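The data blocks that follow each hold one structure.
Two complexes follow with subunit A in common, the first pairing it with subunit B and the second with subunit C.
Here is the complex of A and B:
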């Protein structure tokens, strides 16, 4: 599954159970984020043992975007089927601060900010 | 409900009583069971409620966490963006300073609110011959020679969004004026609405232009339809009917004999300084100076040339009063004006050229000017000029002579303009003009005796009327000898 836009790209690589988000997420509200959230929830429904969320090339994420990722994390917790790893980058300072907060929703969440 | 009919029990047999007791026991057991079931149901409901409450609380916690996450993330991103904007602004301001510092022309920045100079580059310091710190904090209006120009430029900036290469005069700290071209643009500087002023020093250019205008006057440039002296090329010219003037100082050679070279220059420049502006004031321009003479052109109207001639002669009269007061000899000037077709343009070679006018009419004008000496008058015009006057009646003009000049076929009627004669002479010429002209009509009609008589009458009233004397001499001679064969009355000028 994949969404390609001028500003961003989202795809779920089932073979390696990895969701890759790139570009800038600057969409407005829950409704505009729905297609992206569907890809994320689809990956959770596949119940892989390990699920990786790679946002190393996600330059910008607005507040509606962080809410969408929170919903994804909650879904993971609800299913309880997968161990999730988030890959981030120090190149984008917001990742270091905001991504680790997801551990408040899912303490078992693993994180690598490279 | 278990109800016991106590009165009825008394009527029962023992066996019936036993049965009744058993029935009651059974009902009691049923009630206990029902009671236990209700207790289980109640427990189940409570447990279920607790479970639901727990779920809701967990969900509420999650939502709270999500809200906090979103808010914190919003703050992070806001900070990040703010820092980025700040750093971009700082960078662009640094770049602006770098560019402005490296610009080889003066630049200042004013705060729009109070027009205070908040920045000046090194070149501005050089232009004003002060250190930049002296300029900072001053009001920009103090830089202008004319404060209203400053306000006008800012108004143009506000209404049209910019000012481009406006020529203005600035005043330096030491009081010296600096001519510049100035361009204004609005910009943000130190977070404040400001005005960027780019300045180009044209003081030297102005001085050069002023110097060049002395050699090729701006009226002449306009006449040749040129914007700048640098546009002029050899052979640029304008042809057409124009009025040309030659004026000459009489007896300059004998005057100058007793002067040192320095005195000669001082004298000739004092004279030119007085009469030259008159040509400009009458919509003409001086093509060139010819020794002690002036060669001027009036492209528009013949009246301009005639009025300029009269004004020059009057100026010379005032100058003479001054000279006599100082114990110097008065000077005399002769002026000739003619109108005709001519070419006016640039002649010479590529690296050395000057303005000039050509045509027979130009040469003729020089001859006419020379005839002022012959007739003892100051100002002679050709018939061509007289005929083209828009307001001939506003001048004092009388017929002078019919001549044929050397090297030219045909005759030429000449007229004397005597507006600038001394008041007494002018009044006498006005008074005798009818008789004088009637005498000349008689003369050309070969009635020499009658002409002689009339001219006597004129000269009795005005004995210093030199042209009248000239005609009287001719009339007297012809009255004695009679007109020779082929006589036409034309004065032939053999001398060039």
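Here is the complex of A and C:
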């Protein structure tokens, strides 16, 4: 599963159970985020033992995007089947500020901001 | 009638950068990407005032740029989303730099019928714990397809900003100015 847009790319690599998000997510509201959310929820519904969300090259995320990622996290919590790791980067300071909030939604969430 | 919510500070007349938009010129969908372009421009502009000469300064510059880019983008998205269509009014964003604060102001028209629910939302933002409200809103959004409402909460919770609003009236509609102050 893959989405390639001028401003961003999203793909789920099933072999390594990793979702990779790159570029800038500045989409307008819930509806525009639906195709991206579908990839994320599809990965959760496959119920892998371990699932990685790699956002190291996600430069920007607007607040509608934060909502979209929280829906992914809440779906993980609902299924209770996968251990999730978020890989982030210090190059994009928003990641250190905003991604940690998801640990309040899912205390077992692992995070590496390298 | 003027109404103030939060610790609103009138913008001074000192050096600042202002961008004005004429929202009726293009449908919202077509000009949506201009929010990001404008926000990144403001962030790039302000970064000149914080030279990244060594690794520590460079980290600070990156942090300020990143924060202004997020805040300005959210302010513009809100202003464009809620301004009154075909009202022949402008949307503007202004940025000021003081010794240790960057302040941003957006001004847009707003339907008179949207004012009351917006002010109710503002009262919650100003009186409740932003961290708790943030979590509550994420859980609520998961059950709905509505607007996220996460922009102001992220500015308060993740960026430690101060936000305030000034409401006024124009000929046919209301006008709101949103102020965000970021400590740097």
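Everything below uses one rule, namely that the second predicted complex is superposed on the first by the 114 of 114 C-alpha atoms of A that agree within 3 Å, B and C clash if a C-alpha of one lies under 4 Å from a C-alpha of the other, contacts with A are read in each partner's own complex, and residues count from 1 in each chain.
Here, a residue touches a chain if its C-beta (ideal position, glycine included) is under 8 Å from a C-beta of that chain, and two chains touch if they have at least 3 such contacts.
On a predicted model such as this, the values are computed, not experimentally measured, just so you know.
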{"item": "Fit-or-clash call for subunit B and subunit C when the two complexes are aligned on subunit A", "value": "clash"}
{"item": "Partner contacting more residues of subunit A (subunit B vs subunit C)", "value": "C"}
{"item": "First (subunit B), second (subunit C), both or neither touched by A:103", "value": "neither"}
{"item": "Which of subunit B and subunit C A:83 touches, first, second, both or neither", "value": "neither"}
{"item": "Touched partner set for A:70, first subunit B, second subunit C, both or neither", "value": "both"}
{"item": "Contacts of A:31 with subunit B and subunit C, given as first, second, both or neither", "value": "second"}
{"item": "Contacts of A:9 with subunit B and subunit C, given as first, second, both or neither", "value": "neither"}
{"item": "Offending stretch of subunit C which, after superposing on A, collides with subunit B (from 2-10, 74-82, 92-100 or 128-136)", "value": "128-136"}
{"item": "Contact residues of subunit A, present in both the subunit B and the subunit C interface", "value": "60, 62-64, 66-67, 70-71, 74, 93-94, 97-98, 101, 104-105"}
{"item": "Subunit C-facing residues of subunit A, complex", "value": "7, 24, 26, 28-31, 60, 62-64, 66-67, 70-71, 74, 91-94, 97-98, 101, 104-105"}
{"item": "In the complex, subunit C residues that touch subunit A", "value": "28-29, 32-33, 35-36, 62-63, 66-67, 69-70, 73-74, 77, 134-135, 138-139, 141-142, 145-148, 150-151, 153-154, 157-159"}
{"item": "Complex contact set, residues of subunit A against subunit B", "value": "60-64, 66-67, 70-71, 74, 93-94, 97-98, 101-102, 104-105"}
{"item": "Subunit B residues within the subunit A interface of the complex", "value": "62, 65-66, 68-74, 76-77, 80"}
